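Each of the two complexes below includes chain A, the first together with chain B, the second together with chain C.
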Partner chain A sequence: MVFRIVILVQFLVFTSILFGQTFSDYKVIGNTTGVTELTQAQVKSYFKGKYTLWGNNKSVKVVLHSSESPQAEKVAKLIFNTTHTGVKKYWLSLVFQGRANPPVYCDSDLEVLTYVKKTPGAIGIIKDETSCPSQYVIQIK
Partner chain B sequence: MKSLVFRIWFPFVAFFLCVFAVVAYYYSIKQEQVYIENRKFELQELAKSVALAVELSLENDNLNGLKKALDLAKSSNDFEKVSVVIKDENGNKVEQFSNPETSKLSVLKLDNEKYIFQKYPFKSEILSGEIYVVSSKAKIDQVIFELNLPLYAILISLFFISAIIFYFFARWLVRPIKELNVLSIAIKNNQESDFQLQAGVANEIDILGETLNSLYKDLKMERKRNDEILESLELQVIERTKENLQLSLVAKHAINGILIADKDRRILWANKSLCDITGYSLEELIGNTPKMFQFEKTDPATIARINEGLIRNEIVKEQVLNKGKDGREYWLELNIVPVVENGQVTSYVAVETDITDRVLDENSLKKSEEQNRRILENASEMIHTLDNNGNLLWANKSWLMTIGVSQDQIKGKSITEFLHPNTMVEFGQVMPKLLAGESVDNLECIFLTKTKNELQLRGKTIPLIENGVVVGSQAYLNNVTKIVEAERTIRDKSNLQDLLMRISTKYINLPIELLDQTIMDSLRDIANFVMADRAYIFNYHLKKGYCEYKYEWVTEGVEPQIDELKTISLDTMPFWLEKHQNREFVIVENADEVVEENIRQLLVTEGIKSLITIPIHDDERLVGFVGFDLLKTHRSFSEDEKEILVLFSQMIVNVYKRLDYIRELNESKSKIEEVNASLEQRVAENTKKNLDLSKSIIEQEKLATIGEISAGIAHDLNTPLGTIKVGADNVRFMLSSILKRELNSLSKVDLEMIHKRIETTETEMFVGGLQLRKEKVELLKQLSEDYPDYDALFQEKIADFLVKARVSSNEREFIQKVYSSAHPLLFVEILYQVQMAAAQLETIKKSSDKAVKVVQDVRSFIKGEVSQNEKKEFNIRENISTVLGIFNYELRQDVDLKFEVEPNLTMVGYDVKLFQLWSNLIKNAFEAMDNQQEKYIGIFSKVENGKLLLTFENNGPKIPDEVMENMFKKFYTTKAKKSGTGLGLSIVKNILHEHNASIEVFSDEQVTRFIVTFVL
Partner chain C sequence: MRHSFFIIFIFCCGYSFSQREKVVVNGYGHMNYNYNNDLNKTADPTLSYFELGEHDLFVNSYFNDRISFLGEFVVRYTKGTPTYFSASIERARLKFDYYKNHSIIAGKIHTPINYWNDVYHHGRVFFPSIDRPTAFSYLVPLHNLGLQFQGQNLGKWNFGYDVVIGNGISATDASDDNLSPATTVAFHIKPTDNWRIGASYFYDYLSDASVTGAHSGHSTAPSHIHGDKYKGNLNYHLISQSIAYFGDKHEFLNEFSYNITHTDTLGYANNFSNYTYYGYRIKEKHVPYAIVDLLSIAENDLFTYHYDIMRLWLGYRHEFSETLNVKAQVGYSTNFLNSSHSSTNSIDFKVQFAYGF
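What follows is the complex of A and B.
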């Protein structure tokens, strides 16, 4: 019994380690957002379309990972706590209801980075390992 | 609503209204159906495009397409809601989201009456479901309405147009019927109609109308005829009925008695009046004969005549005396008419009028007439009666006796035979009035008796009127012959007295030049009064032995003789002279009867028929005579006339006397005028002497003033003269000094510079040493800096002269020129010397100006009244300043002078005389303050309410009351010891009077003040 519990705990730890992606694994990037750091909750809110404008009145342009991106599911889980499909459905409902502008889907971190770099107001999330000029990185508190 | 036009028009209009309404209704329904179908199709397409967009966005990770699709849908489609309904495999709804999010519509439970929707499925790997698009039907209705609006407008317009057209159509349809209607109404009301058959139109209505019209006209004519006949019958009936009624009323109610009897004269009926007259009732009368009314006094002859007339079946009219039931006797006027039918008398109708009163009146009238006749016959007045032609009908005894004729002699004769010709005019005026029915009171006329004596008669005449017609006139006259004569006499006397009174009053205060004309007028008036043709006045000159024809008046047509007979020798008129000397008249009543042959010849030759001359005596002296000649008639002169002529002659005497008095008076007057003229001349000479004397006194006063202030004047002159002398010496010295220097060392440029500086620069030469030293130090420093090449001594000298020449350190340019000169030191020295000389000359000029002013002021003061005859406008401050200038010396002796007169004040006056005025006031002030240490004189001006107030005040001692009362009197002085003339203030007063000004004096311990007030 104890063994099973230990195994279960380990499995859970492993899976959480494996699958429990945290913000430390990712970095949130943004362009001309006017912010240099955000809380996790704030980050999620931005990605969920809760804010349409930055503090400097720039429109918020959400950049998500598409199905082609290896980070799609992880990011979906991290931010939306759902699958990528769920994210698509979520955003479908937002856009349909007119509550937000459609997000941009990119196929990779590089594409995300490239888009963010060229789009003022854009916010995206990439793997921490992905190199990125420091000015685009938004620190997570 | 009952109108035929309305009944025809309304159904048509209602029909068209229904048609249009139905058309509009069904058209709109049909449109709605079509529109809904189209709308559903649109919604279907929209749902389809949205579904596709959802599928694509899900598959491609790109929601931009979906957003665009939605935006396009919103912009191009009008829908209530679009929803995404996500379903599971079993078709159950899992999730739903909609746009707009806030719409509360449930797409799955829609009210199909209000909304339409379409749905389209979508399917992707991730999701599947349906897209719902919903639209509101209300908007469809509105759209359809807006689309149909033009149609509705057209339909409504068509409706109104057709309504109007139908209205006029209905009226056209109904018109014939209306005309028929009018015609039938006219027929019914029996009136004329203007229905006419329209030319060229022969429809049934018109023919019917024409027929009806013609029938109507025929009927009308027939009716008219019948009406006429009926009317005449009715009239006859009415008349007859009226006649009968009237007759019966007349019979019943007539005032006259009416009696109806049968052929046997038995009474059948009588009216009330007859019953009242007779006193019998109807029942008592019926059956009896009229004999019942007769009694012993009834005239049998009358009764016989009545019977006779009745027998002959004639209308009988008689008057008969009857007796009533109560015994009353009454007269009746009978009018009995037999009623004859078929030649036989069937009854009698008698109209009986009670004439008892009339008969009695007639009898009494006859008696009165008889009495009046007796009165008239025996009256003392002359009474006659004329007919309308003026012929005598009757005259009373008095008339006949006075005229001297009998009744028979006058009957039928015209009244004019007895009238004096002078009275015919009045007769002609009176007769028309009488014929018009008017009375004439105050009648005056002259009759002639049988013996042709004149009778003056007065009275009145009245018309005689019978039955409203003038049938003649009657006159009532009194013989007033004697009264008239007496009146005439009195009147003549009164007129003469009035005449004399008038004439005499004319002579009162008559101007001498009108005397002759007035005498002539008087002669004329009296001549007219006595009916003379010539009036004249002769003046006797007894000593000279002739008689002067002085005045003559002649009536028109008579030749004057005054020019021929200017004088008559007294020898030729001894008769007149003797009479006149004895104060007797010469009266000739008939020249032809004069005894003395020569006199008679003279008178007849002159054409004189009567004359009277009245002597004029002035006390005992015979002066002349007044005469009046009558050339046309003979007449005698009454005593009254003679008396009045004597008065006139006396009046002429008075006139002559007055003439003499006036002559003497005129002579005296001219002598007095001569004396007056010489007196006036002497008075004028004395006045002139007095004026000269007063002028010289005033001049003396002036000179006294001049004497008193001469010390000051001398001092004022000495000062400038001294300055002039010193200045002249200085200039000489400076010129000498300049000319000694080597002027040729200076160039022409230098000399010109010096000259220019002198001309253009006005400098103050007399400056304190302290200031000069200070300026010199400053200038020296500057020169040392600017011109370091020169030695100190040279610089010092230059600085010294420059400072003295009043060249400031600022004038660097000038200083530069100085240093540029060949001999700078000489230059500045000469400059200084020349400047000093110029300054001295300026001083000399100013001093001489001052001396000139002092002399001018004194001259102005002395100038006096000789040269000033006219007032002129002058400046007051300058005027007073001139006088102050004269007292300049005294004023500088510690006198606190306040001279506050407005510099722009002017006035019109004698400016030179005013010098005297100010001078007297100022001089007196100085004299009053003579013993004081502190002296004050104030001169102030003030303008208020159009007046100028000049105040001269000083702080001298209070003026005693006695002096205050007398100070302005001539020769009153408090300075006798000091040769005061006592005229100063009196002269002030005179000058003020000439300027219509006044002066007030106030004095107390502190100040004495003279306030002179001028009216501006």
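What follows is the complex of A and C.
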């Protein structure tokens, strides 16, 4: 009986690691943001449109994954603790209120990376295994 | 009307030739079915009709890192016009982000009086229910044209403030009838992402209380539509308080307003409104909800005029997606009209499709 409970607990831990996304599975990337590291809470705040300007007075440009991206739901859960539909609803409402500029939606990690590289002030998130020049990576403390 | 379509056409052309991310254009609209049964009428008590609602073109653009533009242009049914539709500019504002989360905004805005007017504007797809609170038809100055100082997401409690100085309730979008500007001071906190608690104070001086300007949102009580309106000066104070919670399961909104009008003729009049909404989300897309909507205008009020109304609603909202939903409401309302000292009671059934693109 105890052996079965141990096996069950190990299975549950394994599946939560397999299916539960953490920041260690992702890279936060930015361009000309003036920051080299952020806390998890700060990262979430930037993606939620809570900051208008970076410390270097560049406008914050949020880059999100579109529904075409395989990362859309996982990033939505990780950053916003909701579904991708919930993320779109949240941002639509924020933009409609006039309290933030619209985010940009990209269809893949490669598109996110391409957009961030050409856009000063942009912040995005891609899978950790996606290759990216180190100058764009923002460390999570 | 042709002038308005020309403006919309120019914006669409600008969008098609601009970089995708610099100009963003969205559209919103809705259509309703309404059923009303007047319980006090014995002959022809029932009305039943479809309604084409407001259609809203929403434009968002930024010129550089600090300066952006937001415009909202609406076409709606308007009795008395040649085509029965008219266009209006509901919002047109320039925003300058001058320091961190602080901005200066110039132009036509939704007065940040309360949560509903600050968050929902003209896109019904965002409304948790079919209609705005009753107070919006009688007490709340919907728009203001002037200068706004705004701060948001400041500190641990995400404190936000809005200070607005602009044209008054009796003004148009091109002129005002007195030197005294309307002033709004509002603040809110967001202890968590789902909560917003705020309060505001609005003041305006009207040199002629019989004049209600364009887009003030203000109406007089039904019993005074054909009566002589008071034409003297009037001081208009409005204190509002909002509590909003929209979480994964529970949705709650309470909007309270206390309006004081003062005239030399009849002194101070105290008016109240309170709107309470509660919804419960089931399996992500289904939200049954209930509403209690109250308005009470004092007998000596010389701006809105004496009127009491209570509306109770039960509703259901189905969200197909973030840009398409359908809502159905059944409700009971009772009105007291001063002129006749009579009350009317009715039962209503409404259905609304609201969409955005």
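By our rule, the second predicted complex is superposed on the first by the 127 of 141 C-alpha atoms of A that agree within 3 Å, B and C clash if a C-alpha of one lies under 4 Å from a C-alpha of the other, contacts with A are read in each partner's own complex, and residues count from 1 in each chain.
Throughout what follows, a residue touches a chain if its C-beta (ideal position, glycine included) is under 8 Å from a C-beta of that chain, and two chains touch if they have at least 3 such contacts.
None of these values were measured; they are calculated from a predicted model.
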item: First, second, both or neither for A:Ser66, with chain B first and chain C second; value: first
item: Partner chain in contact with A:Lys77 - chain B first, chain C second, else both or neither; value: neither
item: Touching partner for A:Pro102 - first (chain B), second (chain C), both, neither; value: both
item: Which superposed partner A:Leu92 touches (first chain B, second chain C, both, neither); value: both
item: Residues of chain A touched, compared between chain B and chain C (which is higher); value: C
item: First (chain B), second (chain C), both or neither touched by A:Lys127; value: neither
item: Which of chain B and chain C A:Thr52 touches, first, second, both or neither; value: second
item: Touching partner for A:Lys117 - first (chain B), second (chain C), both, neither; value: neither
item: Chain A positions touched by chain B in one structure and by chain C in the second; value: 85, 88-89, 92-93, 95-99, 101-102
item: Residues of chain C defined as touching chain A within the complex; value: 21, 24, 26, 58, 60, 62, 64-66, 68, 70, 91, 93, 95, 97, 99-101, 103, 105, 109, 118-119, 121, 123, 126, 152-153, 158, 193, 248, 284, 321-323, 356
item: Chain A contact footprint on chain B (complex, rising order); value: 54, 57-58, 61-64, 66-67, 70, 84, 86, 95, 97-101, 126-127
item: Touching residues on chain A, where the partner in the complex is chain C; value: 45, 48, 50-53, 57-59, 82-83, 85-86, 88-89, 92-93, 95-99, 101-102, 104, 121
item: In the complex with chain B, residue positions of chain A that touch it; value: 64, 66-67, 85, 88-89, 91-93, 95-99, 101-103, 105
